[in-house]
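For reference, chains read A, B and C in written order, and residue numbers begin at 1 within each chain.
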Amino acid sequence: MIQLEHITKRFGKLTVLDDISFAIENGGTFAVLGPNGSGKTTILKIILGMVLPQKGEVVVHDNKVLKTWDYRKAISYLPQIARFPDNLTVNELIKMIKDLRNMPSREEELIELLGLEKFLDKKLGNLSGGTRQKVNIVLTFMFDCPILILDEPTAGLDPVSLIRLKDLIEKEKAAGKIILITTHILSLVESLADEIIFLLEGHIHFRGSLGDLAEKTGEKDLEHSIASLLE
Amino acid sequence: MILKVLKYSFSDLIRSRWSYVYLAFYLVLGFVLLFLNENLSKAVITLMNIVVVLTPMIGTIFGIMYFYNSREFTELLLAQPIRRRTIFLGQYLGVALSLSLSLVVGLGIPFAIYGITQSSQIWDFTALLVSGTFLTFIFSGLSIYIGLLNSNKIKGFGYAILMWLFFAVIYDGVFLISLIVFDDYPLDTFTLFASFFNPIDLSRIMILLKLDISALLGYTGALFQKFFGTGQGLVVAFIMLLLWVFGPMLMLVRKSSKKDF
Amino acid sequence: MRLTIVSILLLLVSHRGNTSVWDVCATCSIQTIEEAVERAAPSDTVRVQKGVYVCEDIELRKPVVLLGEDGAVLDGLGTGYVLKILSDSVAVSGFKIINSGRSYTKDFAAIYVFRSSYFTLSNLEIVDPFFGILLEKSKNGTVVNNRVYGVSKREDDSGNGIHLWHCTNIIVEHNEVYGLRDGIYLEFVDESKISKNYTHNNIRYGLHFMFSNHDEYVDNIFENNGAGVAVMFSKFIIMQNNRFTHNWGTASYGLLLKEIYDAEVIDNSFTENTIGIFIDGSTRINYTGNLFEQNGWAIKVSGGCYTNKFYQNNFIGNSFDVSYNSKMNDNSFNGNYWSDYTGYDLDKDGIGDVPYRPVKLFSYIVNNTPETIILLRSLFVDIINFSEKVSPVFTPDDLIDNQPSTFSFQ
């Protein structure tokens, strides 16, 4: 369970989130959408504790978590840009994260799924963006965490890998996990999202299922619905 | 947990080209000095002058460089169930330790080959490595702190260099001028305290106590006499250097717990 | 000189064969030194056996040899002088002398020599005296192999170890003096030689010259005294092969030259002194072959000093090599070795191609504001020293070693 209570976040004079509250009680896939700079990544980072809000509280699994750290055991995070220490090899990175989290993991399966075997001994600095994103995906999905936070997980992925990723997300959803996702690929939202949280000007402009959105805007497809939300 | 973080940032660092450059630099410096000076004690004296200026500079540049280059690593760690304090202390110690290791190994090897361990210079040489290590810890801590304050790389780098310049040159310039201007007042208390607030001056004084005690004892002030004439000077300088290590470390921890990533 | 040797020989020959030895001991027929001296004829020997002898103000008014055997102790009971030598050709040797008197009005001494010639004082151990050996208006004497020591802490209630006043042609050799005011003191002493002495831990000076001319001191060691040697108001002094070390403290120096003319300072070593040589108003002095190592100031020049010549000296690792308190310079520094020299020698002739400036701007600053010493070796100070080196403003611009040696002299 994730609950945000009256979260306000300002960067300098710019108010990115203005008194936002929402709760996610049950498992499912939640797409956080909004125009550029609407605070999608900020919300995710606040849940992770990487960004600290000026006001409000974050509750995860009934515990207030701001300024604490061990609740992150329950969260897997896929950052927006896949950046890693350049000097480490893929294998070393995976080992390191395993060592740091100290949880059971299933990296072999994922490596095979994404075809990363031949890159295992390469340094991360020498990998292409897409390959790095695959490493990113392995790191995120290899632990069995009840909450997944995915920030633009599709960036740089080839179509085959994109399908694999979708499958992975479907499976996690089926396991009853909470999956928070931001993306620009609307087809992904259409095929995966149970609910949409739409941010605009620091507020939650809309929250509901795809059906609710179509109903509200009277548009047939997601693209147009969103465009009309922005008007 | 801090040991794990330290282990990874340390192993990351000792793989990076720059640690080798730094290590190679000290190796070359050591051999060249020994070759030019022929005699250990002169080489140690020359080295003392170099180390006091150079280790802060390298600590500063390396600290800020590492901070900006390891943002990815930091972000990766921040999403893991690890305390922020642990992450930043671990990284800081990783930088400071790897630099200190380069210093000790890089200078230690040439001097060991030239027989420092059997010579009477071993204590001077040890004092030199100790103050070099102190300066490395202090300045890499300060520059990582500056990195935390500035997200802008260029600005952060500029401020870090300015910080080094301040402690290495500007501070002493202002210090000297104020001593000359306020010549008519009793100055020895001021002088001693002013040198406590600059770690480079502190290390320099530790070196003066070794090399220039004859000149220092020529000064009349009773406080000076007590400070330099007894072992007190060395002890106080040592304690102040320790404080200088912990100060930036605390600031770093406090700042890191408030920062957004 | 020849005349004196001849007369000594004559003296020895004329008394040969008929001198006698008088033994003194607790069980001998003569039990006091006074009695033995009384009964001895000129040139006789009084031999004092092991034991402690009360000895207050004993006056030797005839040429006798007073010989202490092992364990012979003279006890002055703290009342005044112990032995007074008031005749020529007296020799005193082999005693330990204790409890000589102290006074604020009289210069009590363990051994007092007055108007004597051809005396010898040797192998004496003088413990905690006011003055140890005091020579006045005497000549042609020898003070050799003695040890004089005290535990003095203050200048005003202690005397000097070996004190010469108005003397000529005295040899002071192989003595050790420590824990007194001045180790060896000379005032109005001419043509004398001070050699191979070791004076250390004295409150004021290891060796002190006043108004003395044509003397030389060689092969001595002056260590850890208030200041090593002070030579004042004297002419034609030769100072050679001495060691000045660890003379530390405010205004402390290895060697002070004040109002000295025509002297030679040769082959001495000055190590770890606050000031190696402090030169004040001294003229026509040659300094050569000296080693200055790890001193605060190797040479400090003050007042009007003219035509002093420094050549072939080694300056190694001093905080300051030369310090001046004015912009005037009439002294020459040529062909010395300076460890701080950073120039080059392209033609490999052993002489640096770039002149060396031994006076740094910072030494001028420290002279004016002593506290600034704490900034020694700071990068900022290096920078201002460098700029002064390029264009001298505060330091004498003609004070240059034009032929700096690239190797140190042996």
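Details
By our rule, contacts are C-beta pairs under 8 Å (C-beta built on N, C-alpha and C of every residue); 3 or more make two chains touch, one makes a residue touch a chain.
These numbers were taken from a predicted model, which means no experiment stands behind them.
Annotation of chain B and chain C: not jointly contacted by any chain, touch as defined at the top. Distances from each chain's CA mean to the overall CA mean are smallest for chain B.
The greatest centre-to-centre gap from chain C, using C-alpha centroids, is found for A. Averaged C-alpha coordinates put the centre of chain B at 47 Å from the centre of chain C.
Per-chain CA centroids place chain A at a distance of 88 Å from chain C. Centre-to-centre separation between chain A and chain B, using Cα means, comes to 42 Å. For chain A, residues touching at least two other chains: there are none. For chain B, the set of residues touching two or more other chains is empty. Annotation for chain C: no residues touch two or more other chains. Residue ranges of chain C in contact with chain B, taken from their complex: 248-252, 272-275, 294-297, 317, 319-320, 339, 365, 368-381, 383.
On the chain B side of its complex with chain A, the touching residues are 1, 4-5, 8, 12, 15-16, 69-73, 75-84, 257-258, 260-261.
In the complex of the two chains, the chain A residues touching chain B come out as 11, 45, 48-52, 67, 69-73, 75, 77, 79, 83-88, 96-97, 99-101. The touching residues of chain B, when paired with chain C in their complex, are 42, 45, 49, 52-53, 168-170, 172-173, 175-176, 179-180, 183, 187-188, 191-192, 195, 201, 204-205, 207-208, 211-221, 224-225.
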